[in-house]
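I've put the structures underneath this note.
Look for chain A in each of the two complexes below; its partner is chain B in the first and chain C in the second.
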Partner chain A sequence: MIPLKLTASCPPHVLSGRTVRGLMIETLLALCPAAAMAVWHYGLPALRVMALCAGAAVCAEWAVERLSGRPVRVDDGSALLLGLLTAFLLPATAPWWLALAAAFIAVLLGRELFGGLGGNPLCPPLLGWAICMLSWRGLMKPEFAVLHTELVSPLSELKYQGLAVADRFPALDLLLGQQLSGLGAAQAGALLLGGLWLVLRGRLRPHIPFGFLAGTALMALVLQLLRPGVSAGPLFHLLAGGTVFAAFFLATDPASSPVTRRGMAAYGLFAGAMSVVIRTFGVWIDGAFFAVLLAGLATPMFDRLRPRVFPAPGRG
Partner chain B sequence: MSGFTQALTRGMWREIPPFRLVLGLCPTLAVTKSADNGLGMGAAVIFVLVLSNFFISLLRKLIPAKVRIACFIVVAATLVVAVELLMQAFAYPLYQTLGIFVPLIVVNCIILGRAEAFAAKNGPLLSIADGLGMGVGFTCSLTVLGALREAFGAGTVFGARVMPEAYQPVAFMVEAPGAFVCLGLLLAAMNALGRDAGQPPAGCRACGACYEAAARREGGA
Partner chain C sequence: MRNVFRLADRAAPIEDVPDPLRVRLPLGGARLLVRVGDAVAAGQRVAESPGLRGDVHASIGGVAAAVDGDFLTISRDPDAAPAPERLGEVAGADADALRRGLAAMGVPCADLTDADLLVVNALEPEPGVTALGALCRFESPAMLAGARLAQRIAEPSRIVLAAPRGAGLSLGPNPVHELEPRYPDGLDALTVRAVTGRERPGNAVVVGADRLWLMGRAALEGRAATRAVLTVRGRNLRVAVGASVRHVLDFAGLAAHEGDRVLLGGALRGEAVWDLDAPVPRGAYALTVLPRAAGAVYTDAACMNCGECHLICPARILVGIMARFAEFGRFEGAQRYGLDSCLECGLCAWVCPARRPLLQFIRLARRELARAAEAQPPAASMETPGDAPVEAPGAAPEARREVPA
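Moving on, here comes the complex of A and B:
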């Protein structure tokens, strides 16, 4: 008898018209304002880094899928998004090889090694960023690009000059991205706009981003009350550095974040709180990205925070 | 003499630690920042492993089964102290680089593993061969891993420059996380090689169910 071959995809079997491609395109659209702001602030070098990263990511994904015999799905835009997110973390002065290395590491080590889209245990752009940061710290730190721009980084001012200097940054300037950082990572206002649009469109569940922002604000408030005159307030921590970027676009990476509502909220709160803790007590200037990586490692534990089974087990 | 040759060569490729026999990972990850360190650590392990296998195989009839682990540890600890003193006398810079990982050879799983799995059941000659093979295999692995990490992380191998001047060292590779990534990639490569030769993946030797299932599926298709 010839065995009957049935192919069943994973449930739920609902045709909603939602595709990976659609999700990726909408996320890319949401990133457009921030990309435009980055080009406005840093000029053509910003465009160069974005093009290099996105191109390298797409090429690497296509090559791996071809070589490993997996179906080639590079046209779903996920690699393009990954490359762009990686570029947003790099400074505008990154040399060409650094941009390529970050994108290749993000795609190969961050995602394809674990089985491609949906299999990554950590946020791939952050993995690329972290490995490059540990390897070429001088070239990766946006603060070293100070010769090429008049912007200054509020977080390093806070770290090295103290609160009095950091308090001079008007919130509106921070919101407009008038701060030295990775390309798009600190375009707080533009990213907030894109992120809120994604939430309103239902493409992002609000638990992680708002949990992240709430965690950041709460921890900043606690530290400000504990150490008045030394720690910066919640508004500063929300707008300075990559908080908004991490909250809406990095922590929400679908494969490496929890799936239950409670888990997502706890994950967001934890990552947000950790980002302020790392900024305040760590050696790294912007803790938001490391906080997301740390929370990503704890995702399996956050996923255990799920509603009680009904009826409760053991009671029949 | 085929038994002797087999015992000698087993650890050099077929069960090479730590790539096939996934034991002794602590020194593998910690001291392979450079090829030099890997080789030095490997040499110390060869010394301890050969002699501990030899003594344990001589004592195997005397050691009561219930306290055998403690006895193995005492033998290994004695030898490690000897190695430590020898290193302090003749290779002090190496001793300083390896630091705490020299005394930690006592609890290296390979020493205990070979004592339990081989030396406690076989004669002295075979045990020496097994210890030598395993030790040489371990040394080769550590040296290769150290050379890889040193080449990418510092641009040198055994202190000699191998990368062009313009190469920007990937400092990540000589940091602790680089050890994990590098070891993982090498394990994957060894598994890929072993899969072609029909061996189960490293670390799955005890079970191997997934591998057998895959083999059955491929055979049946």
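Moving on, here comes the complex of A and C:
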């Protein structure tokens, strides 16, 4: 008689069914409304940038995994998500090579150099965006695309024209993406919808996104009280530029954000507050993205905000 | 969504499984008191354990047929077997004598020290298990006798029964602390926290309802710990210790197929057996057959740092980091991140989206550290400063081996 072969393994013997791939697919689904809004606002050029970035990211990831002899897991969807997030940061007018460059930098320098998914110390799409921004500032700034559209950037209006002009942006318009920023990052309302859906599904812990929004609102309020008539209010900072995008989709990059509850909340608050500070006092128009990079650098410190572990047996 | 963690608050009555023709008793390092060929009475002490880990007794009468490794096989032989043996009362003048007497009846009691509070844990250890509730419900005389004996040993000022909310369990006049029946809150350390409001208080001891039942049986009927009550697909079966898993499955009408998991315990904490002839050990509470398709498939993937393992961990460990220390053989580093606090509930691995075998990493680190401590003289073994890696060549590859589907 052939003995029955049973499966033996360490417990637990059942899993929750959560997978990396499921997580990525749900995040991609949450980005769909914003992608649709981007196409509605900018037309085919937006679709072109998204396709270029996503395709480049997937190809780069696959190539690196093949060449480095690591198991090929490009089908987990993380590279696709990375590419799409990168595209969301670019203006719809970005030339093809710029889109490719941003995606390649995000994948190669942002992630694969550090060992792939989970190893990156900074949010990879933002790294791609930041390097392109420093290298090709003119082409990267959405404000230079004004010739192609009648949308304007509320943040640069605030910076260069003052509060009186900036105050003319109705909140609803900002929610609907009637503003100039990255092609997806500008779709505040659609992103909020997608982000909240992820939180409700339990795929996204609320600490970072809500901490980020709270930090933004609080800092805006403080500055508004300190500098009345000069600084914009909380609602403006929450809806203008890439605040919502950064809060729900960039700051929450798993590898570069803290994992403890207190760490996540502090990190979110810090990044949110810094985004208003950079917007107000920095030379860069949208501080939210730089704030996330900055907070990412501080993640190891935020992770020190960890609870004491349960006492070990026999030690009181 | 999290209803998968709900613990039972109802229980099926206890059925007796007929004794098998052979039992294979796990000795657990105990010293044998019989030789192969000796006639053995049911209930007779056949091996003596050091410390207070509980001696080993024959669960059926017959002949000591074989000793293989750490197991003693007894074959039923009605002609040769002496009459069933009752060991008489657990008697003693003081707590130490009672403890020794109880250990001689096969009930481990090294942890039953003097305490202010004795918590009797009647929360089921895992979802799907009802054995503890069944013991409380249908074996109350033994449970009460167990509580009286525990009172004499630990001399607590009060005994509290921790029971699922709404189950209506009681333990004589003792107060009942009702808890939301949710895994992992039925684990002893967490139940004590729920009752006392403190984590690992020094003045409380906890006894599972199954152990209290064994104590009561010993006190009331003079019977050694030769039976275990297992939940098998909703039924509660009283089985001779050492009976094969196959014997129990046959009685329950369950079949295991190629690639299934057969677990002593439930799906979250059970130990997989690789052989249907494996014996039911003392202290087992469930037997589960998990079809191949429902079983976990772990992967050798890298941690993506999502932190879900930490957020679900009842011991608040940064499991992701700790398990990476263990994965790469830096066991002392794992210890600094709370390895010793782990309750082995398995929720970290359950939730991990990368499907990393986190509990396996944890157990690897624990085993390697225990081996290192054994190899070194006790004084110098602990507390190596820093995280000087204990190099264990080959340890990491073993841990990384993929678990077959």
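Here is the rule we go by: the second predicted complex is superposed on the first by the 293 of 316 C-alpha atoms of A that agree within 3 Å, B and C clash if a C-alpha of one lies under 4 Å from a C-alpha of the other, contacts with A are read in each partner's own complex, and residues count from 1 in each chain.
Rule of thumb we're sticking to: contacts are C-beta pairs under 8 Å (C-beta built on N, C-alpha and C of every residue); 3 or more make two chains touch, one makes a residue touch a chain.
From a predicted model like this one, the values you see are computed outputs, not experimental measurements.
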On chain A, which partner touches more residues: chain B or chain C?
C
In the superposed arrangement, does A:Arg261 touch chain B (first), chain C (second), both or neither?
second
Determine, under the contact definition given at the top, whether A:Arg66 touches first (chain B), second (chain C), both, or neither.
neither
Touch test for A:Ser135: chain B only (first), chain C only (second), both, or neither?
first
A:Arg304 contacts which: chain B (first), chain C (second), both, neither?
neither
After superposition on the shared chain, which partner residues are touched by A:Leu4: those of chain B (first), chain C (second), both, or neither?
second
If we overlay the two complexes on their shared chain A, which of chain B and chain C does A:Gly115 touch? Say first, second, both or neither.
second
Which residues of chain C touch chain A in their complex?
1, 189, 199-200, 202, 256-263, 265, 267-276, 290, 292, 294-298, 300-308, 310-311, 314-318, 320, 337-338, 340-341, 343-344, 346-347, 349-355, 357, 359-360, 363, 403-405
Residue numbers of chain B touching chain A in their complex, please.
168-173, 175, 177, 181
Of all residues in chain A, which touch chain B in the complex?
97, 109, 131-132, 134-137, 139
Residue ranges of chain A touching chain C (in the complex, touch as defined):
3-16, 18-20, 22-23, 71, 73, 115-119, 202, 205, 254-255, 258-261, 264, 303, 306-313, 315-316
